[in-house]
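Worksheet: the structure to be examined is printed underneath.
In order of appearance the chains are A, B, C and D, and numbering begins at 1 in each one.
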Amino acid sequence: MRKIIIGVMGPGDRVTVADRQNAYQLGQLIAQQGWVLLTGGRNVGVMDEATQGARAANGLTVGILPSDDNNAISEAVDIAIITNMGDARNNINVLSSDVVIACGMGAGTASEIALALKGNKKVILLNDNEESKSFFKKLSPENVYVVNSPSEAIKIAKDILVNRQV
Amino acid sequence: MRKIIIGVMGPGDRVTVADRQNAYQLGQLIAQQGWVLLTGGRNVGVMDEATQGARAANGLTVGILPSDDNNAISEAVDIAIITNMGDARNNINVLSSDVVIACGMGAGTASEIALALKGNKKVILLNDNEESKSFFKKLSPENVYVVNSPSEAIKIAKDILVNRQV
Amino acid sequence: MRKIIIGVMGPGDRVTVADRQNAYQLGQLIAQQGWVLLTGGRNVGVMDEATQGARAANGLTVGILPSDDNNAISEAVDIAIITNMGDARNNINVLSSDVVIACGMGAGTASEIALALKGNKKVILLNDNEESKSFFKKLSPENVYVVNSPSEAIKIAKDILVNRQV
Amino acid sequence: MRKIIIGVMGPGDRVTVADRQNAYQLGQLIAQQGWVLLTGGRNVGVMDEATQGARAANGLTVGILPSDDNNAISEAVDIAIITNMGDARNNINVLSSDVVIACGMGAGTASEIALALKGNKKVILLNDNEESKSFFKKLSPENVYVVNSPSEAIKIAKDILVNRQV
């Protein structure tokens, strides 16, 4: 039976300490809910931290990889989907997620938020980039949620899942 | 830890009774080995049968969907990856599979075999289309295996996994 | 010999009158420079206006289409590239453009700007969405240019082309 | 106005002398008809020969590139579309072509033929691989044409264009 998938999107490089901690904790909390974690799958930054967190909590982890380089995959990924299509895979990341949580900010992450909104997905923002919050909140007031902690993100994700039309 | 993924590729329509039976049995046997089953994810033909077979044997099932139509997904898919990129997703199907088993034949299946060979994947053919066997065997003698039953396909898949260079 | 391609990205719906006028004028000016115009190819909004503008100035126009629906293609497109991969094609739009001009704003346009920046492309913003300017300028100060008119956009594009490393 | 695009698909390596000559001549003849030539865009094998042939006859050439490596593009490509999505771009090659001509044979070429047939495109085969002709002709009797020379391929392409439903 189809499992609930929560996507955690975030940068691979230029990641802050807070981003890393948030990502790891998001992974843990998602796994504890019994949800599948989906990330961009690489062994760096937010992707790796979230996947490691979910792994530590015995969750199931999916990585949607941009390349076919086996050495670039997070060791905590269970299901590696090899797209070999670079950043065009960002659209797959968000379309495959029941809820998208953006942790941290960068150009790739911004593209994932924007593609998610284009695909009518709900997006939860967890970062300290005020300009990103203003921009995306204005772009799609009803589909963007701004939170201040991983636990708040999970609470909103639950609400979204409860209220969605299937 | 990264799980072994076996892809079963086959047509959605114009499927023979033998194809259906083979697909279901392949799904069962793959699950019994503890491997993850990957298919094109739709609720028709070989994709659906293989996924149902794996489900019946308590396996984990991944579907790589061509569209974002929730009503076109096999009910036995656990992890639905929504590509929304039509048949271009066929390349993802094969790149994400440690071994590709082609069950039955059609234009989509032929594209998956060819893309798998282009990506240096091993492909096991299980069908009664003699022209396909002659063609693909000639195209890539070392990477194409012809079998006559699901159990033989599983045996070859095991050999491939044992001997591969990691 | 490889031609210079300038991409004009912008929304298909919720387009302002100013966006339409700017898009049409951008198309004209791009054609007058002897550059090829590239857009998302649809027969609506900024895509259509820019393409019509380039057509009116006898330019060559390329459309990178998200679907295989022949009725959704701008009539002024000369070269229709059919991706059938939805918004994942946005990455192709920007990677294929020597310079990206974003005219107007929406979720799809935001994804194109972000993907362009991820791909180390220069992006020129022409819109009245102040939050977008603040956000993207902060995200990539060296690769984002804010302009107030089509002619200013063309001037910046020329500078970028002159100074780029080939 | 939308131009007619003829795709010439063929291998980049392991190309025979006859394949090269046929590809070059196909490019010339396509350009002489006033059609746009589309290939996989790389500077090797059938792709390069066809593009050079069309260039020599003053035709317009489009290359759909698998990577973003500027050094891998045929010098005779006018319009370079950068997909950066590897062999998944093969689906774009065929969907964007009004008629597909397969010159020579290899795994990539086989995938393009199969994807073209899946997308209901007509495919003309020009090669000396008998198994490929038997296989694809059986797979889709109404959409596969077998020819023995570039000029015969052009004649069939004309017939297809005349008779198609727009």
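We adopt the following convention: a residue touches a chain if its C-beta (ideal position, glycine included) is under 8 Å from a C-beta of that chain, and two chains touch if they have at least 3 such contacts.
In this text the structure is predicted, and so the values were computed from the model without any measurement.
Student: Quickly list, by label, the chains bordering both chain A and chain B.
Tutor: C, D
Student: Show me the overlap between the contact partners of chain C and those of chain D.
Tutor: A, B
Student: Counting C-beta pairs in contact, does B-C beat A-C or the other way around?
Tutor: Of B-C and A-C, it is A-C that has more C-beta pairs in contact.
Student: Of all the other chains, whose mean CA position lies farthest from chain D?
Tutor: It is A.
Student: List the interface residue numbers of chain A and of chain D, divide the shared ones by all numbers used, and answer same when the ratio is over half, different when under half.
Tutor: Same residues, largely: of all residue numbers at this interface, over half are found in both copies.
Student: How many angstrom between the C-alpha centroids of chain C and chain A?
Tutor: From the centre of chain A to the centre of chain C is 28 Å.
Student: When the centre of a chain is set as the mean of its C-alpha atoms, what distance in Å lies between chain B and chain C?
Tutor: 40
Student: If you look at chain A, which of its residues touch at least two other chains?
Tutor: Those would be 68, 83-88, 91-92, 119.
Student: Provide the residue numbers of chain C that touch chain B in the complex, in ascending order.
Tutor: 68, 83-88
Student: Flag every residue of chain B that touches chain D in the complex, lowest number first.
Tutor: 85-92, 105-108, 110-111, 113-115, 117-119, 129, 131-132, 134-135, 138-140
Student: Quick check on the complex: what are the chain D residues that touch chain C?
Tutor: 1-3, 5, 36, 60, 62, 64, 68, 73, 75-85, 91-92, 95-96, 119, 166
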